[in-house]
Structure formats: structure tokens, C-alpha cells
């Protein structure tokens, strides 16, 4: 989800103008709700090139509506500032020169206050535009507006994961939001759920929004396979660590092993050992590892090595999608307000649990185009297709994803060494 | 083919002891034949981390027979030198510490002469062992010996591609082997050959040697597709260059575009412009670009960008394999002595030409395990599986490949930025 | 002046308690005065490893008084926060682990508000301590308090130069403080002032504050020499540029030439060409180059190359000091409120002008210990001595230096490639 | 001595034509004598950017005579190969484009044999030129010929130190030349020799060859000082190591400490610990540390840290020169055939021992121009002056220096982190 967004909504339910305006306001408000606990200084920092400052995210999603909706729809539209197009373009070559990504944290101006003014300006323009659109033009712009909703939801997740990285660099361990105590949890045994071989339909088609990379819908032949009934827990991952997992090259992909040695990895990101006990930085501050929670902040390399150690493998994205098709979209999403994966609350005998929410699940599938995929024309065509190289697909959403944002076909993707998203492990195996 | 070799020959025809000994000698001799034009100094240089010095290759393939055949088969076997196991192990963590890969070019000793003595020592040991093996033990060791043959053939190709890179760094443009004049050539028009949708068997099974990564044999569903009848030529690629292909970000994968800018790529590797005319370094020295020859030394990024420019795409490896299944294994191989891709000599109306030899053909498929793939135990298990990450599959062999080494199932693989192998482009498209 | 401060004031006039308290308050207030134009976001950014965020500077100078005065003087003293010692130690190995310098910009907390609270806390403690000290203890602590004054003045200068670098990274060209219009200026001709050969006393001794690196006072033999009567101007430096100065390797030190090519230097730092005209970023925003102003933000390499081009050389630090001894300490200092070097206002026939203020003047002298130099014991000994390697001495202060901070013996020092201080050029030559 | 050579011999005794020809042959033969133990492969390797392959050195010194003598002196002179001027120019910008220094080890051709043919060709041309020169032209070319002699001697030393580095990278520990057993040695106590304050003449003037950086002769005022009577031994340096010298930041220059940590230095270059005992790679193979030998292969940082630990300091280059003026040029030079520093054989009560030979002695003096220094015109002017930045002066020659090459005024120079020359420590202190 490297800020990737959709080319053409393959198909979008067009709701009424009123519901559009309401949804717009809801989503925009939620971005600001997520920022409520922040002090001004938190908005500014970029702790690594992959991270963007919160204030950049806030401005960029506004720029998106400005660029793809307001400019095309309003003749003579003026942005609040002529340089914002340069500063808040993320990666669209079609749209001209832009500010260098790793330098987003060097820009103290526009200030946070000015950024909110920019948001407000765009909100007023969008809402006033929506109010005046007739039905035909609404139909015309509905896809891009809907895309803007999903785009902003993606950045809401990135705001949380980026902020977590920023706060984790601070020896004061700042708390984003306190969390209430968790009930005692116990871990139900991991079971295997079987699926038969066959030709399956994969990908999105028909009604409802999807990103362009989720189509075209097509057939794939799958061998029979099994999927683990739940996510791998911290407790299980600790066994891997204690069994010397990070010291044994035979468990790792060659690139993974090089990374382990170069980065001196000993555990997932944000873990640190104090007096023999593992702790982890969370958005609620530093906490002891809870063995019942799903393991999180592991790279593809670590997920793959764990699977090999456990005598299993990661699922392919097609397997995951087939398995998820009939699972209801429920789980620990951002709306829960935990901002952290949660232990499995109920027993899940014979069923798939935790498929949605908690952590994005690494698949073994390289991110590549579905048969017949063609990016759209213009800037929108740059959103997904050009990232289809050296990235791996993750599925299912996380505790930082909006429930209304995820679906079984949704393809998230990150490089194999990325750890800073809420990323975890579900195992698969041959029957 | 990052020196990757097989885990377990899935199935190997076991020839007679005599034919084994003959084949051993043939292959070993061919390595030395390829070195005949070299002066001592040429054996020593490592021009980049991916390149190994010729003398390292010569020693490493001997070390391979020593490690996997002589030590297990001969009680109390002694290597010629106790440190050679350290110096000539390529990447087998199972076998202990080894010399750092980028430093292979810093080792002036053992000398070339000593390296040949090491080869001779191993040859004597192997041949004398083979002479004494009874049928049962021959059967036992046949897979690893066969693997040793294919391993050495892989390194023969690498010796040529690595040497080409070494010589290309020299402003004197040394000639490896002169080549005779080429007949006037003309290019037949590119046609499209169609294949229907269906479930296809992919991968190796049954008799004959294959690397472990070519199995298990399994089914895949393919949409209908078309494959170009021949390789893309220098002339066609020049059009891409002259159309601003290297200046237009919209044609490139995001990573590819970053590489183009960082490396200042303007053309394939080894091309240089002199007075408005493109030249290229070959193993026969610097030559003017021949527009009829297949384009060569392009990365995955370039192949992908070219395909996008040409309104087509790269084939998947399954498509390529399905298409190649009935094509006879003929072409411009290392035995031809050209050491360079050749123009298509005959017209190829309605048929696939140049599927084997000339250049390895980039596919759009990320190198990943076939369903049910399991690397073997021990060091042999490190040969292929651990490289299945962030690499792309190439098919069909090149002008530096032995004809007896290639087959339709053969999976070569390199990172997307690699250029120094003989790599080229065949297009595919939807029907 | 890489945050370097004094070991032992070799000799300090001890003023009365009242004047001490007044001076403390004056200096502390001036730091805050310099920050008045800043918005919160400006305090956070670190635009390169050499730059520190403003809020770090503000906290560090408070930490200095806490560490070297409050902790030793007040039994059971408690800092406002136990982690501040870790966060705001700059480079004192004696004082234990500290936060990694290039990561100062990743720390959003303590907030700016908390940083000012920390300052206030320290101020209260210091003033209350001073109020209660008897004369003997005042005498005991006077040197370290005085050192704290000069230390804070050094950081006031760094706050300005670092902030300038931060703002220069912003395409919005923020203005720190507007400046009033400058009178028409013309440049008086450059003359040469002569000094005879002889043995001269160099360095500090006796009354008045000095850093430890300014002593011991000692003799040096100087050949006769001449010093330019004023600084080199932008106009003169432009001639160097237009004469191909940045394209001619023969004008440069070997390291300088490598830097010019690697960094693609074409002009001093902060210069940019727009439509054929040179502009420069200043603390009052982007302005056209004024040819009468002293050239500024040049590295040692550039100063040295310019001197060679001008058929002259840079002075040694001893020459500069000898020449400056009788020059009154007047000039364009930070108190002027220009924050930028200024054209020479008056003619300077036969005299040295602009020796103090405007820009630090590069000397050709490597920063090294004076004969008999010994750093003091403990952390204070780390302040200057350990930087005496691969740095060059600059003399005379700049438009960001306090007038009460500078003297003829003062030795500032920076690496040869540094440009971001207010650094300029005065020529010397043999008679 | 980064291949630096002289601009204008300030003054050269002009010997007879015959003695010129003899000296030419002697020096050229000595280069080849030093190469006798090498196998072809040893000539090719460049083990780090600072190192040049032996065959490059052999060609470069020939290129030097060709460029500065044969081309100017012989109308229509043709080099053996038009590209050699490109390949074997070291760093003379005046002479046009040249092969990139770190890539010298990538060039397998010209071969070693061809390199010797090139030498032979140049020898024939030089000798035949000398034979025909009349006295006036001999006088005209005498300075450049003499410079060529000293230039080749410098490269003879570099050939040995570079080769040592190359062989040290090889786990086989190849032996360059065996050495005979050393007599039992004991270390005489370190004494201090005193010198009074005063104005001293420094630098070269008058008859005899010198590099341009040794002049102009000029006066310096020195405080009284003391110099250690001999070099620091391995035994003494071991005490520093065992006292935690490499773990204590307070002993180090700030840059030195960063280097210690980044490079993980624990001991001088080439030292390695095996079973609790220190060994060192020498040109006679791996040997146990001899505590009586002078410590060698230490950087400026290490020499400086050792001096601080020993409560002393390094001498300035002026102090060293003053002390050396009356010391006869005797010592362990390359002609001894040890290629390694040797223990002090005789007691040295009250006198300076080991001033020449054994190891170059680090001074605390930054390499900078003497007052009035002006490099000559043209390419010759690039030899020394442009390196006068961020380097430190070493004095006295080493066990790899020719006895006829060294003198008290001789200024060698290397960056503070360099270790691969034969570099050691002599202490100084205030009286």
C-alpha cells in the first residue's frame, strides 16, 4: 500500500448525493480524529524514507481531491497555494516535478495549522461542488470521488503505522492513545482447514468498489491445500526465536539471511529485550509481550523463515482469497480503537478466524498483474501497475484498517524487508 | 542461475559407467576449451561482485565434485589443499565458513597453474573412483555425478558472461575469439502465434535430468494468449530508444525508472555511442550494432518497458513453457562458437523461432516455488530454493548455453536489474 | 565550532554576583529572542546530520548548566526529566551514552513547550543557586558559569546557521526576519596591508575569558606578509565563477576537486540561478545576489581555489591574529539584526576592514594544538582537543556571532567541505 | 606519498652522462628485482582503492619517463600503444582523461609480459636518447630525469606496501620472500633527547635533489622539546592494547574514535589474534608478534592515541627535522632485504636511534605548504601541492624505502586513517 491507489474503480455503486456528502465528511473527519492525540511536533517528523510526516499525509489526501476532482470539475479552480501541487504530489510522474520523498521531514512549512486550513479549503470546495452537481455529472465524478475515499482510508492506516515508527524512535516512549486493560486470554490450538483442488475465480468484478489491481476477474487452478485456522501468536514466534531461528541460515531465503545479518535482526521490529524479558513498543507505549497476541511487524523474510521452521509455508494470494470468500468481514479494525492486534477471543474449531483485521497476512505471491490487466490512462494509471515488481502481496487488513475499506479481493503489497506495517503470519500447507 | 544448482535430480537416466566417464571428460574438457584464448591475467579479475574470476569458476566446479562425490565416496579422502574448501565454496551455509564473494578477485593464489593442477587431481580421483564403482554404488552416485555435469555446464556459461564483463571494462577492448564474417541478414516480420485457454501440465517429471526447481509437475490454468514468433531485434529496440524510451517514466516500473536515473542507463549494457553510431562490446571485440540481431543484455526493467512501449507484455513462464513444449531444441548455442546472438537465418512464418539459444528470454514470472516444492536435505537443499525471492524467471538458454543443458522446463532466474547475462526479449499478448 | 566549548577558562574576570545574574539572564533571553520568529514546526527539523533542531539547541544549553553547574553545586539535584541527560548530551563520552546525533530530528518530544519549561526550570535553579552562593563558592563556579555563557552564545550562532539550512530546504523560501532595504553600496578597491617578519606572541593569556584551545600563549616566527584590506565580494567571486573556476581542476586541491564533482558544486551554498541571474537564500528569504556583499557560504576548498585563481593565498591563523591584534572589535554582528554579511560601508584606505563580523574568515591553518596544550580533566577536556584533526581554523566571527563573544585569539574550526556557516574569504600573499 | 612527486627539483647535482645512464639502469633494474618473487597473478590484483596492481606501477613509472622526457625530447616520438597514456596516467588533470583509479585491478591487459615489453621499449628509448644528448640538453633534462629516478623509487616502496596488502587478503598467507632467523633481541630503555628553543631553518635549499614540497627553506621558532630516543615497540603498544586503549574514547581524537568503532579496530593493521596470541602478516608470511620490533601499520589516530596514553605527544615535523639534521642516514632500508621493521640492535644511550628506515614516523603536522611555496607550471605542478589538505606528514623513511631516496627534509604524507604503509610512532614531549 505504498500510497498506492486505484486506477479505475472497476465498478462503483453510485449512492445518492447526500450519502456521498455524508461519507465524504465522515472519512475526512476520521483522519482528523486519528490526529487528535498528536502535538504539533509529532506531525513534522519523518523517521525513515518510507515514513511520511502526518502533516504530509493530511495535505496529500486533500491534494488528491484537488487534483483529480476540483481541477477537472471547476473551471478556473485555484489551489490555496501554487506550490502545494509540488509539495504534496506523491509519485505521479504524469503530474510533473515533485518534492523528493525522503525530504518530506525537512519541510516545517506549511505549518500544521496551515495544513488544516488547506484541508478546510478543500472540504468547502468539494462540498460546495457536490451540492451543485447534477445527476449526470455526479455519475461522471462518482468513481474518482469514491477512489478519493479509499485513498484517504489507505493514508489513515499509513498515518498510524508511520506515527508508530516515529514515536518508536523516541527514548521517551510516547503514548499515542492509552488502552484499557485486556482480559486474560488463552490461545486456542492451531487447526488446519482444507480446501479441494479446482478451478477458482479470482479477483473483482461487478458491483462495489475495487482497485484496478484486483481485476480482471479470472480463473486459476489450485491444488488442494490447507490454511491455518488462526494467526501465529507471539508465543509461537518466541519458540522460533528461542530455537535459534535468527541464527540458522538454513531457515532463510538467501536475501533474508543477508538482511538478518546486515540489520542484526533478533526479533520482530519494535521488540526489545530488558532483563531477559521481551517488550514491544505499541501505540499505547512500551508493553510486555503478550504471548496470546498475533505476532506483528515481521517482514516477508521472517514470515517465510518461520513457516519453514514450522514445517509449513505461506499461502498464495489465490489460496487466501478462495478461503476468505465466505468469511464475514469482522475483526479487530481501526474502529476498535486498540491500534494493536488482539488475542483470539473465541475458540474457532474448524473455522477460519482472524482472517480480517489484526494484521495483514503475508502471502508467498509476488505482486504481479492479473491476466489482462491494463492500467488506465493518465496519472491514475500510475497508481498500482508500476509497483508490480519485487513486492509481495498481503491480505486481510489490520488493526489500523477501516472495516469499510477491506474485502476478500483486496491486494496490499510491500517489499520483502518491510516490517513497519501491522504484518503477521498465517500458515498454509499441502494436504 | 546465480550459480544455482539442483537439489535432487528428480529423475536421472543412468547411463553406463563408460558413458559416464566419457561424459565427465567431455564436460571437463569443454571448460578448459573455453579458457584456451585466455592469458593468465584474464583468469584473476573480478569486475563486479556478481562476476567471479575464471580461475575461481574452474576451481569451484572441481570443489563441487570433491565435496559431493569424492568426500562421501572415498573414506579418508584428502583434498589437494585444506583451504580450498574455504576458498571455493560458493554459498552453502551447511558447509561452513567461506571466502567473501565480492573478494574473489583479491586472491592471486592459488595460481592458474595450481588451479589446473587441482582440476587434474580431482579428475584423476573421479575417474579412478568411477572405474572402481560397482553397479549399485554407481546407481547411488549417479544423481550427484549428473548434477555435477549440469553444474559445470552452468559455470561454463557464467565463465563466458563474466569474462565478457571483465573484458568490457578494459579500454583496449580485448578480443576473446575472433568471429568470421556474418552473411547479410534481413529481419522477417514479427508474427503472433496463438494458444488456447486450458489447464496445462507444467514442470518436469519422469526420465531425464532436471533441477529440483523444475518440479513438482503440476497443473496451471492459462487464459488464451499469443507469443511473438521471434525475438525482438536491435533494430526494434533502437526505435524504442529513439522514441525516448529511456526518458519516459510512464513506460517503466517504478523501480526500473529509479534504476534508469540512478545508473544513467541510455541503452543496453555494453552499448556505446561513437559519433552518432551505436557500438557494442562483444566477445569478438567492439562491433557496430547489427539491427537484425536479437537485442541482448537488457534488464527485466528494460524488457518490461519495451513491451509496454510496444503495446504488449512479457510472457509468463507457464505460457513460455507451454509454447516451447513441441519446439525442437535447436538454435545458436555455445557449440556454435559465435558467443553472441545471431540474426534469424530463415523465415519463420506462423511458427516460433529462436525459442532456444541466442538469449535467455525474460518472463514476467517472479521466481517462486511450484506447488508442493520442497528442497532436499543438507547442502544440496541450498541450491535453488533459497533464491526464490525478488528474482525473475528466464527461459530458453542463450548463445553461451550448451545445447545438452537446456530443456523447455528449465528455469533460469536473475534479479530485475541484471544485464550481464545474454538476456533478451520475446513479447506476448492477450488474444 | 562544532558545538565545541572550553576546557578551562584560562583566566576569567570574576564580576559581581549581580552582574553574573544579569548576564545570565541577558544571554538566556537572547536565545529566546532569536527564536521569536519561529513557528513550532521550525524547532523540530534536522535538515542534515551537522544541523541540530532548534529545540535541541535550546535544551542542550540548559543541560549544560545543569550538568556542569547544578549537579556539582546542589546536593541531591534532580533534573526535570531523567532522560534529558541522554537526549541532550552532545558529544561527551565521559558523561555516558547519548542519543545518536543524526537522529536529533526524529524526536518530536519533549515538545517545544516542554523544552521551554525545561529552560525555565534550569533558569530558576541557576538564579536561586547564584543568589545563595557565598563569594568563595562564586569564585569556584565562576569559570564554569562563564563558560556556560560562551557556550550558549556559540549555540545562538548555530541556531541561526542551522535554521537557515532548514529553511533553505523548503521550496516556499520562508522568511525568518524581514530586513529593511539596504542603501546603495559600492565596493572600495582591494588593497594590501603589510606586516614585517618577526617573532610574534600568539594566543591568549592573562585576564578575560578564552577557550582552552586559544592557549598556551607562545611565540611564532612569521615571514613578512600582506593581508587584503577587506573581504572578497560576491562580485569578485562571480568573476571566478564566470572564468570557469568550478570547471578547472588545476585551481583546486585534489580533495576539493573530487567534492566539486561529486556534489556538483557550481557556486556557493544557497546560490541558485534563475533565468540567468544568481539568487541566494537568506534569513530574509530569497534575494538577488548583491555584488558588493562579502561572498559567504564557501567551503575551505572554494576559498582556497579562489585564492589560487586570484594569484594569492589564504592567511595562516597566526598572520590573521597578528594583523587583528590592534583592530577594534567592531562590525556587523548578530546584534545588528541583519543576519547576513553587509557591504563595506566606508572606504578603508590602508587599513584592515571587516576583520570582525560579517563572515568567518578561512585560514590555511589546520586546527591543531598550540605548543604545550593540554586539555583539562574530565568531560570538560573533551570540548576542544579531540576535534584537532582534519579541520581548518576560521577567525573573526560573523553576522551571527555576538559582539561580546569574539576576540582576536578566537579559533573557530570546521571541516574543509563545510559551507553552512557564514564563511568567507580574505586573501593574503607574500610581500 | 600518494604517488606524489616533485614539481621542480630545487637544485640537482648534474652527474656525468655515464653516471646518469648507470643510475637509470640501476633504478629500473631494482624495480624488476623487487618483482622477482611474484607470479603473474600477483601483478594483477588491486585489493583496495588505495592499492595499485604491481603491473600498473611498473607501467606507470615507464609512462612517466615517456611523458616527461621522451615526448618533449624526441620529435615525433611514438608510444608503444596509444592507449597507455590513458591507462597509466595517475592523477595529472593537465594531461587529460585517465582510467579511474579504483578500477586499476579490472584491467587484465596489457599483460605482465606486455608491461615488461613496454618497460623495455622505454628503456631503449631513454638510453638511446641519453647517449645522443649533448651537454646542454643533458643539463636541460637532468632535473626531470632525476625526478624520474625519485619517482620510481617512490613507486618501488608502494609496490611493496601494496603487494603486502594484496597478499594479506589471501587466507593462504603467501610469502613474498623468506627471511632468515632473527637474533635474540632485547629492548633498550626509552630515553628523551632534549633540544633548546630557538629559530631554526627548515626545508631544503642548495645542492642535491629535493621535491618541491620541501621548500622554500624558511625559519621557524620552536619551543624547547624532547624526542624519544627510539621508536615505540610492539611490546609497548601491546600494553596500550591490554590497558583497554581501543575501548577508551577519552584517548582518541573524535574522528579516530569514530573510525575505531566503524572499522572495529582492535590492533594495528595485519594483526590477528589466534588462541590468545597476536600474529601479524609480513612479507615473509604470518609470524608471531616480536615485542622488540617497532610497532608498525598504525594510523595517525592510533599513533596519537598511543601518545596520549603514554602522557606524551607526536613531534611536529619541524621538531623532527631539527633533530634529524645531524643524524647519519643509516638504518633498516629496503636494501637490507628484511621488508619489515627490525628491533634496535644496539644500545642508544643519549642518542637518537632508528630515525631513518624501519617505519615512517607520524608527526602531528598537517601537510601544508611552506611559506612562499608555489607549485611549478603545467602537469609537474600537480605533483605535491594539490594534496596539501587533510593529510599528515611522516618522516624518516621505512624498511621499504631506498637509502638513496631519503633525507632529513623529506616530507611524506598520508590521511589520518591510513595504515597500510610501514608507519610507526616516535614520541615527543615538552621539556
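Which chain is which? They are A, B, C and D, in the order written, and residues in each are numbered from 1.
FYI, a residue touches a chain if its C-beta (ideal position, glycine included) is under 8 Å from a C-beta of that chain, and two chains touch if they have at least 3 such contacts.
Since we're looking at a predicted model, the values are computed, not measured.
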Taking touch as defined above, what minimum step count separates chain B and chain D? 1
From chain D, which chain is the farthest off, judged by mean CA positions? A
Roughly how many whole angstrom separate the Cα centroids of chain A and chain D? 60
Cα-centroid distance, chain C relative to chain D, in whole angstrom: 38
Multi-partner residues of chain C (each touching 2 or more other chains): none
Chain pairs in mutual contact under the definition given at the outset: A-B, A-C, B-D, C-D
Chain C - residues contacting chain A, complex: 39-45, 47, 55, 83, 86-87, 99, 103, 105-112, 166-167, 169-172, 174
Of chain B, residues touching chain A in the complex: 91, 93-94, 199, 218-221, 223, 249-250, 252-257, 300-301, 304, 313, 364-366, 368-369, 371-372, 381-382, 386-390, 416, 430
